[in-house]
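In order of appearance the chains are A, B, C, D and E, and numbering begins at 1 in each one.
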Amino acid sequence: ARDNVQTAGSSTVLPYATIVAEAFGENFDFPTPVVESGGSGAGRKKLCEGVGENTIDIANSSSRIKQSDIDLCAENGVTEIMEVRIGYDGIVFASDIDGADFAFTPADWFNALAKDIVVDGEVKANDNATWADVNADLPAQEILAFVPGTKHGTREVFDEKVILAGCEESGAMEVFAEQNGGDEDKAEEMCTALRTDGVSVDIDGDYTETLARIDANKNAIGVFGLSFYENNMDKLKVATMSGVTPSTESIASGEYPVSRPLFFYVKNAHLDVIPGLQEYIEFFVSDDIAGPNGPLASYGLVSDPELAATQEMVANRTPMGPLE
Amino acid sequence: MSIGLLLLIVVGLGVIGYILGRRRALASVAGDPRKLHSLPSQYGQSVFLFTVVPALLLLIVWLLAAPSVIDGQVRGTVTTDGVSQSEIDLKMADVGRISDGLGALMAANDMSEDDLTALTPGDSDLRGQLAAVGVAVGADVEPAVFEAAKHKRSLTNSAGLIRTVLILLVALAGLAYAMTRIRPDFRARNVSEAVVKALLLGSSLIAILTTVGIVLSLIFETMHFFRLYPAKDFFLSLTWNPQFRGGSDLGVWPLIWGTLYVSFIALLVAVPIGLLAAIYLAEYATKRVRSVAKPLIEILAGIPTIVYGLFALITVGPMLRDYFAQPLGLGNSSSSVMTAGLVMGIMLIPFVSSLSDDIINSVPQSMRDGSYGLGATKSESIKQVILPAALPGVVGAVLLAASRAIGETMIVVLGAGAAAKLSMNPFEAMTTVTVKIVSQLTGDTEFASPETLVAFALGLTLFVFTLGLNVLALYIVRKYREQYE
Amino acid sequence: MTDATAHNAPAAAPARPKSLLTQDARTKRRNAAEKRFRTYGAVAICLAIAALVMLLTSVLGNGASSFFQTYAKIEVTLDPEVLDPKGNRDPAEMSKITTIGYGNLMKQAFPASLQAAGVSTEGVPEKEIGDMLSKEAPAQLRNRVLNNPDLLGETISFWALANGRIDGYLKDRVTMTSAERDGNVSPEQLQLADRMMEADLLEKRFNWDFITFPDASELRPEAAGLGVAIIGSAYMMLIVLFLALPIGVAASIYLEEFAPQNRLTDLIEVNISNLAAVPSIVFGILGLAVFINYAGLPASAPIVGGLVLTLMTLPTIIISTRAALKAVPPSIRDAALGVGASKMQSVFHHVLPLAMPGILTGTILGLAQALGETAPLLLIGMVAFVRDYPSWPVDGLFEPASALPVQVYNFTTRGDPAFVERASGAIIVLLVFLLCMNLLAIYLRRKFERRW
Amino acid sequence: MYDTKRVESIVGQDDIKISARKVQVYYGDKHAIKDVDVDILDKTVTAFIGPSGCGKSTFLRCINRMNDTIPIARIEGQIKLDGEDIYDKRVDPVQLRARVGMVFQKPNPFPKSIYDNVAYGARIHGLARNKAELDEIIEKSLRGAALWNEVKDRLNEPGTGLSGGQQQRLCIARAVATSPEVLLMDEPCSALDPIATGQVEELIDQLRQEFSVVIVTHSMQQAARVSQKTAFFHLGNLVEYGDTDDIFTKPRDTRTEAYISGRIG
Amino acid sequence: MYDTKRVESIVGQDDIKISARKVQVYYGDKHAIKDVDVDILDKTVTAFIGPSGCGKSTFLRCINRMNDTIPIARIEGQIKLDGEDIYDKRVDPVQLRARVGMVFQKPNPFPKSIYDNVAYGARIHGLARNKAELDEIIEKSLRGAALWNEVKDRLNEPGTGLSGGQQQRLCIARAVATSPEVLLMDEPCSALDPIATGQVEELIDQLRQEFSVVIVTHSMQQAARVSQKTAFFHLGNLVEYGDTDDIFTKPRDTRTEAYISGRIG
């Protein structure tokens, strides 16, 4: 029988999960949990493959589980799943350390990257070449943005909290909706359609790739996770969003708008079966680890204000209810 | 008896058979091997094969068939009317786990068979006990399931015993039968060669099995995908633009185009350089240069592709952009088909060079002599005599390189970017089918969405596409093959 | 035979120079072409080798430093009050004190031990001094104490791993200017490091741990090693070698020498070349479906990785083996058949040895590919963070392990810049591994090479 | 075309080692052997003569089924060895070739040592019980092929490093070492000097005491010297077959006569 | 060993096409050619005779530097073509070989069509200005080698699908098509029937009108028929060299006599 905990899933959660796994392995008599990466979706799929020792115990996820995943789980006999929120991940905008300073609003991003924008109430194809064209307060630097590719959960947050928000903020949403006869979905789709003329570059790789690309294109702006930025502050200069500088504090307080919760999902049927599983998840959400002064926070995770509730839920093994 | 031990015994019997067979063959002709049809060792071989092969085949068949036979027996006991097939499947999975668990439980707790029969799901915390020995059960154990599990366990146990006895019997019978067949005129060589030939055939069928496996593991999810996303759009749409909230455009053509374009440029780099390098190594280089340069170049094939990717991203991409794309007015993207193609070409050089070098080297010297004797220069001989003679092997090498090019991900991701585009401009960012298979499969989208499932459809499409290319290549090689001697 | 002999006059002799030492225009042209061709060949080799040198220098340049690691000397008093509050020296009890406890102990001890050695810690807050040590250091100390509880109460002097940034400072990755911008290290810390170096309390040493340690989390790049990955790769390569080579050669022999020329053979042939073009991740899909879900083998285990890589490597070996078999002249086969050898004997005794160089080349290329591949491992759970060493085979084949390319990939995706050198270091190890693996093949290939 | 009845009248049925009836060979479309009937006797040397390209080698290769290895070759008709059809489904060509050895027209030594070249056949047929016996076979075969003196000091050097004539003799030695019942020799002396030729002819004569030998040769003199029976091929046809003496002194077919007297080729 | 002075007395210096002095050839340790001095005349057929393995092919290959391609072969001494040392550093072996053509002992047709085999040399030396000229050269060469009738309908079939003797003639045609000044022929008729041999000999005789031909043969008769000069090799030594008539009628060396009369080999 398997005697180590196996987890899989999000590459965003991966660094935190490894930090915890390492500390767990070193302080407990259990073997160190195995943490696979491979993406949130793939991790949840693996979780839902069934019950038994050749299926994983925990799926890490940078987005909430989907109904289709829950259905798949149920189909395979995985009926009780525990949803554990471990904290928040801030998403920041940064450029080369020696470049200009930027203070963005979501509307700037929308007007810089959207395929169609609204100028004087008219819908027209976006031809802004520099950030100054978008907003006279921004430097007259060519627009070149490295945004996460559509495989990344981060892209969903970027679309929603930056582009869509910018779309609404700038009033373009209304015009789009009007143009589509009030169809909000169509309007949203128009909002999130990005330029394809090479100004907005999708990155399918990791933040290290974005960093390397910024190194090769000094005038570019990239999208990063807060923890990545904090580890590379000597190379990157962070931009403010709506006047707020991203930090664990500003994100925890909700001031900084672009962030998302991180989760892991536990297969309850494996609790008590896989040695160390219960201990591991309790250790993960303990104050020592996930608290505001724990190693996760020092690595850049925004600690969850409702951690106590999570700890209690984990102790009681409360499975998640239906998605609201 | 464990399978490993069983195997060991069977092979041991085989070895004994070999020795006995060899001895008996020699004895049958009073020690004069010339009177035998085959070599004495071949008689030994035949006994070995007769002992081992049928027993192993039986073992394989048994291992494949026994679980489903037992399953079928047990299934009857948990089947009740009105229960759906999938629910029964689930129950059967539980039965399997519990019956395995009972074994572990007995071993861990020193239980006897009687204790086990006495055990009922009601009277103790069975789930907890099973958990303690590392067996996960989804819910509390139902009595029917528990009975079925016990039934299964006893079936499995007796099946194991039967298996051991049966296989040893077959091995012994094979041994005895083969021994009786040993006579001076017994065609031992033919028999053992027939068996070896069957093994060779079997090996070549692994390729077919792999293909079947690949197609099967792709086809169901592909069908699932086409239920969610119209096939017409997949095959006919010219845009690739997946979205999170649905409404994605998943046209395959930009990806196929990117694949072809990148591979083409990569081959444009790898084939001439690789072929010329092979020619130089085989025909011009001194033995020393060759023995150093060839393994050195082969290192190129072993460098992890991520190194190439970073090389493309950091060095080649910006260089091409600054010195070619921008001055020529072909855009200012630092990731481009050209970048990825060039760098990938470097990686592929050894695939072309090493194999071609071996093949060129094995063209008989008399061909070279014939050409030199007519006053041809080395290069003329190479171009007009040696290369045509080596053509099939060279084509094989190029095909191998092309295959790697099509299957490569990391270099494309970092060198060519992630944007799917239909463009002729080699300095534009594009992407390939393979890259998108990886990224869609490992992405954050939910599994049952078209955005993820498209990976399977892409895999299958690429498979069919390359199959076409390979048929074409086979046809060309057949047409131009020249056989020396 | 009635060829009219009247026509037999040879073709008119072409105008040729009378001297061998002078060349006519055509010969000059041809010789120039010859030279050009030869130069192309040499240039091709040079290009390939130049590319190799470029890649290797960048890898070596970035990665050589990962074989050295910075250690700081620290004197710690192992306070029994803290480390064994119950005082019964029972390891089980003592293990309740976590690395956090040990960490605190070290953090307190470190400034004191610096001052005791005469190094001024002025201007550096206590917490920052403690941060100069690796987060791995408490674990090292804890293991040491748990292994030898008698140390309790003593003051031990101890070379502890230094933090990645301090290590970076000694390797010129971190500078005073970058430290000013960096939130993770301060110029004052670096100055303190300078003073420690002067006092011989900080030094760079050869880093065996890089080869033997398991992977570490992002918080401690300085402790990340390749031990588990090397074992995992070795196990997988063993499986690949022992399965792919014989099966590949056997399949090639069948197809090239025995298969009747018919549709089925064509089908198999096309099939194999097509398998070579199947992206490696698809083999991962196959492996997941067949070996894990159907056959029930464990995920993240070298056995599954080895099997998947075997299937992936087979086409490479088959294609090169077939090409090599094809290149053996038929007269050799005839000669063997003519003295009454069977087809099988002619192949195994004569053709196969002559095809050996090509087979070995295929093996070299195939193993290189198998050793460097990550994508298929992603789907079978080997792209993972694994800290525990798998045991010896056969059991070890079924336990979780990592692999070298996976480790390279993991290192490159991590945020801390200290992982950059480790990624390159891992590549160096991978290449050395590859070279060791191929050495025998390269030697054998040279031995079997002959012309006829 | 000579008629079959005559063949039978020449020889008693008992002595027939190989009998061919209505043999046709096609290379793709090319009809290389046309309707050949011939009986080859035991303990006899039979010479095949005829102009280059007339099908001698082709027919020779039919007798031990070496034509099986040429994909485009197609054989019809019947060839019997000791009364058994060699193209029967049940016949194992390997066994056939062990009994019917062959020396090819182009010398084709293995890229192995001289020793291993000769030892190969003896090894795979298990003709020697030990090293001493094997050494003996090798020496005897090389002596028989008049090569021993030249190579006895270099048995471990590769067979491919020999001169053309030496290679040819090596191939003869290799074939002789397997002790076949019938030995097919395709121009075995073409690269040999008269003395070596004489020695090989002597070998052939010795072999004839026990076995049957078929030899292809372009030298009428050689045919006359070594053979008892001669077959004359022309453009794929077996034009005439009979006692060597008869063929050379009183050929019955005008083509034979023309060839022997040097008028057609 | 015969002495060099005599050689010079036989022939006027002007007629000397090739002159060899103190030529030694080693294959590794083996001393295959020992101290050979010989002058080969222009417009003359010279025959090399001698027992198999005595070094005839080896010496022949020295003359157009084909031995360069054997890694273990080492040559010492001097060979001059028209007074120029062919082993001089400045000499381009390619140009040399265009002037000194060679037919190898073992037929080695290219894996190409019969047409391309013959056209090969003419093409690389640019002997034909157009297709018609090339066709003409090919027909002429094939006729010369007595192969035209047999292959004229199958010029596009591979040369490797020919019979042994046909391949040999193909190689002769291939060499003749490049019009060399000196043609080295290593046993060119070994696989040919008498008629074809006669035709090839006729070709040789024609070639002699303008060029120099060296032929290796095991047939004393052939040497006597076609050559004006004969050189007898034995165990790597050039034992005797002189007018063919003299050599065959009044050999001066006992070894020559022994060989000719069939006593040594």
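Basically, a residue touches a chain if its C-beta (ideal position, glycine included) is under 8 Å from a C-beta of that chain, and two chains touch if they have at least 3 such contacts.
Keep in mind it's a predicted model, so treat the numbers as computed, not measured.
Identification of common neighbours of chain A and chain C yields B.
Inter-chain contacts peak for the pair B-C.
Nearest to the overall CA centre, using the mean of each chain's CA atoms, is chain B.
With centres set at the average Cα position, the gap from chain C to chain E is 58 Å. The distance from the centre of chain A to the centre of chain E, with each centre set as the mean of the Cα atoms, comes to 83 Å. With each centre defined as the average position of its C-alpha atoms, the distance from chain A to chain B rounds to 36 Å.
In chain A, the residues that touch at least two other chains are 2, 38, 42, 53, 205.
In chain E, 94-96, 98-99, 106, 124-125, 146, 150, 195-196, 199 are the positions where the chain touches two or more neighbouring chains simultaneously.
Chain C has residues 1, 30-31, 34, 330-331, 342, 354, 378-379, 412, 452 in contact with two or more other chains. Across the whole structure, chains are in contact as follows: A-B, A-C, B-C, B-D, B-E, C-D, C-E, D-E. Chain D meets chain E in the complex at residues 27, 30, 49-53, 57-58, 105-107, 146, 150, 154, 161-166, 168-169, 186-187, 190-199, 218, 220, 259, 262-265.
Chain contact summary for the complex, chain A toward chain B: residues 1-3, 10, 38-42, 44-45, 48, 50-53, 62-63, 66, 68-69, 71-72, 75-79, 149-153, 155-156, 159, 188-189, 192, 196, 198, 201-205, 209, 212-213, 215-217, 269-270, 272-275.
Looking at the complex, you find that chain E touches chain C at residues 81-82, 84, 86, 88, 90-92, 94-96, 98-99, 122, 124-127, 136-137, 139-141, 143-144, 146, 148-150, 176-177, 179, 181, 195-196, 199, 202-203, 206-207, 210-211. Taken together, the chain C residues at the contact with chain E in this complex read 1-5, 7-14, 16-21, 23, 26-27, 30-31, 34. Interface of chain C with chain A (complex): residues 95, 98-100, 135, 139, 142, 174, 178-179, 181-184, 215-220, 292-293, 296-300, 378-379, 381-388, 400, 410, 412-417.
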